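Handing you a structure now.
Chains: A, B, C, D, E and F, in written order; residue numbering restarts at 1 for each.
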Amino acid sequence: MTNGHLDIIERAASLFGELVVAIAVNPEKKALFEVPERLEFLRKACGHLDNVQVDYFSGLTVDYAKVQNARIIIKGLRAISDFELEFQQALMNKRLNNEIETLFIMTSPEHLFLSSSLIKDVVGWGASPDGLVPKVVEEQLLKKLRNRAGG
Amino acid sequence: MTNGHLDIIERAASLFGELVVAIAVNPEKKALFEVPERLEFLRKACGHLDNVQVDYFSGLTVDYAKVQNARIIIKGLRAISDFELEFQQALMNKRLNNEIETLFIMTSPEHLFLSSSLIKDVVGWGASPDGLVPKVVEEQLLKKLRNRAGG
Amino acid sequence: MTNGHLDIIERAASLFGELVVAIAVNPEKKALFEVPERLEFLRKACGHLDNVQVDYFSGLTVDYAKVQNARIIIKGLRAISDFELEFQQALMNKRLNNEIETLFIMTSPEHLFLSSSLIKDVVGWGASPDGLVPKVVEEQLLKKLRNRAGG
Amino acid sequence: MTNGHLDIIERAASLFGELVVAIAVNPEKKALFEVPERLEFLRKACGHLDNVQVDYFSGLTVDYAKVQNARIIIKGLRAISDFELEFQQALMNKRLNNEIETLFIMTSPEHLFLSSSLIKDVVGWGASPDGLVPKVVEEQLLKKLRNRAGG
Amino acid sequence: MTNGHLDIIERAASLFGELVVAIAVNPEKKALFEVPERLEFLRKACGHLDNVQVDYFSGLTVDYAKVQNARIIIKGLRAISDFELEFQQALMNKRLNNEIETLFIMTSPEHLFLSSSLIKDVVGWGASPDGLVPKVVEEQLLKKLRNRAGG
Amino acid sequence: MTNGHLDIIERAASLFGELVVAIAVNPEKKALFEVPERLEFLRKACGHLDNVQVDYFSGLTVDYAKVQNARIIIKGLRAISDFELEFQQALMNKRLNNEIETLFIMTSPEHLFLSSSLIKDVVGWGASPDGLVPKVVEEQLLKKLRNRAGG
């Protein structure tokens, strides 16, 4: 979770009555943090946003959206390469459930370079995560990456 | 106004309580139809959408949005080149008024090739506008383009 | 094999006297189906196309084309990211054998979102493959993915 | 007409039994050379290609292709921006006449920077057109651009 | 001249011993300000940079670079569309004079949305140019655009 | 190391007083050749360039640049996809050390299709590496890839 994600969440929360921020759990992809840790990060970083609920799910996003009675999926767009994959995904989702629409919000320019993998890289090599990730993530990220480096 | 525009309007209208569809009048750009004609097209093509209001404005989009008490600007995205210009525009709008957000909705695949200039081209050369533009636009478009060709 | 592939094959078959559809076997990449299964899919899905021959090969595409006495390689283009990789590949092939040209055909808009990996994803999570892949692939795909999910 | 165009023509001519190279005449766009001059350039530059016929047309490309009994339209692709416009155009053409397919051929790397407008620019400022355009175009291009500059 | 240009100039000036900032005069393109005004803007905005010289030229950039004994041309890159045009231009320049190289510097994220035409648009409609253009340009831009609007 | 890399090195070496060509060692990525081999390739291929020093490092590029007292990082740009990743990386580097700038140089058109992975692919399948990689790499590449194929 980066400051780019948090910015998208805060802006989306200000536009809609209710917002569910959900982690899509993919058992085949190995994330740096476990789902409970990531939920904890989200909960703390979104603590100031009253209309935001934090959750996780596995399965199809449109199925999860339906369970939540959500008509809108909000995604952040950062770059051309995002654009293409998200376009494919949005078309597929529309086909799977025509009732649900994906809306895109552009990343703020100061967060354009905040990809999770780039942050892991530079923090792993000793750069400070200050300003790149929410405060609640910083300490855990340092612990995780420095341990790994020393392992 | 193409069927691509109408599709975006219908989808947006189904997601939000109230939608204003507004023509941005640019005195320096010469459009094929005058503003009153274009308003008429919009009004007729959106007649079945109860929560859609049709309007026009000149000036800054964010200023118009404020007058309308709108927090959200909806734009359709069709291609990479759209993406870049809209990204610039959205960042500029955010700077001009931080309270207003631009959300993007992806064009349906069957409308990807519907650019106004391409339609004017092919209809001007004799292709049928059927299925490319709303029914209310068809007749006027044929009249306008065939006259011009014959002029 | 998706309906997007089938569409490209059918359109190419209608343009040329003879068409060889060949699976490029890459021993280092693990595909969902084995080569004999994939050949079987192709043979059944192309059964209605008299001038189409189904085959597989390993090695350089231009070497295989030469063995087949083919002067033209047909590829489908779906997106910008396809474009760049295919451009590189086409330039390299041209350098390896200047006699052989690569021609590109644009994917139909209704198949733009049909990437094999996206289909595997959504079908793996329970979506129906109906309309995404040829009928002959559907059953096998469900069997394979549901087993894996349950494994 | 640039050496990039000639390269595409030569490669296409080697692949198909018969090739018609046609100038699409657009009365609203002012070209540097008149249609008869451009036809003359094409005829001379393609003189060594027995199966190439040179022509011009106005109207829809698919209508012209039909008159010529052509099933295939060949276009050169140079860059991402080409890709998007050509993609739109190809989808529109497919809609106008489903029998006709557009096939794309990649520009050779040494011709990537040969856009007509860039050539007019640099030759207009005194650069030599040698190697940028066919020999038959060189002299006329110099005459036209130097006159204009001196006018 | 925008704050994006100034940022590129300042960063380039800090890297090289001597920097010439030159306006390429194109008699066929109508700019908002005349060349003497634009030179004046550049001179004032770069007044704090000791190693920067301000100039203008018409003709080929590589010819001008040669007259200046410059081996390097610095250009700012902002977006994909910039990238393609600049790539073509750089390849052409390399062909015209193999001794001169074009180096690119990425625009800072906070200037990504600063295109001259977008600024003219929004300032023309009443937005403040503060923070978008150098202070010396602000007053003149307002005068020019407000006059035009009132004309 | 490809002929594309060598071209960038030679051009950069001709522009700057001193150039350090450094391999960024990433312990998590498995390269075809070990670091000492790759250093040997670089040293031999750059033997004719007096102002080029060959080195390797692990850690942040900006930290290494600082140790070397370098103000400028030179990168080659080949394609849109390069552009986006390099843009992100350059912005991140600028944030990590504001004193160091990344400058980009465009790949020559004849090297556009030289990606290391594509070369490994085609040489692995029996294509000649002649003209794709420097002479000193050719023999080792053949040995390595042919052994692997035979293993």
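Quick note on the criterion: contacts are C-beta pairs under 8 Å (C-beta built on N, C-alpha and C of every residue); 3 or more make two chains touch, one makes a residue touch a chain.
Keep in mind that this is a model prediction, so the values were computed, not measured.
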item	value
Chains touching both chain D and chain F	C, E
Steps needed, at fewest, to go from chain C to chain F via touching chains	1
Labels of chains that are neighbours to chain A and to chain B	C, E
Pair from C-F, A-B or A-E with over half of its contact pairs in common with D-F	A-E
Numbering shared by both copies at the chain F-chain E contact, with half separating same from different	same
Which of A-F and C-D has more C-beta pairs touching across its chains	C-D
Between chain B and chain D, centroid-to-centroid distance (C-alpha), Å	33
Centroid spacing, where centroids are CA-atom means, of chain A and chain D in whole angstrom	47
Residue list for chain B, restricted to those that touch at least two other chains	80-81, 87, 91, 109, 112-113
Which pairs of chains touch, using the document's own definition	A-B, A-C, A-E, A-F, B-C, B-D, B-E, C-D, C-F, D-E, D-F, E-F
Touching residues (chain side chain C, partner chain F) in the complex	58-60, 63, 80-81, 84, 87-89, 91-92, 95-96
Of all residues in chain C, those that touch chain A in their complex	79-81, 112-113, 115, 118, 122, 125-127
Complex contacts: residues of chain B adjacent to chain C	80, 109-110, 112-113
Of chain E, residues touching chain F in the complex	11, 14-15, 71-72, 74, 77, 80, 83, 86-87, 90-91, 94, 101-106, 108-109
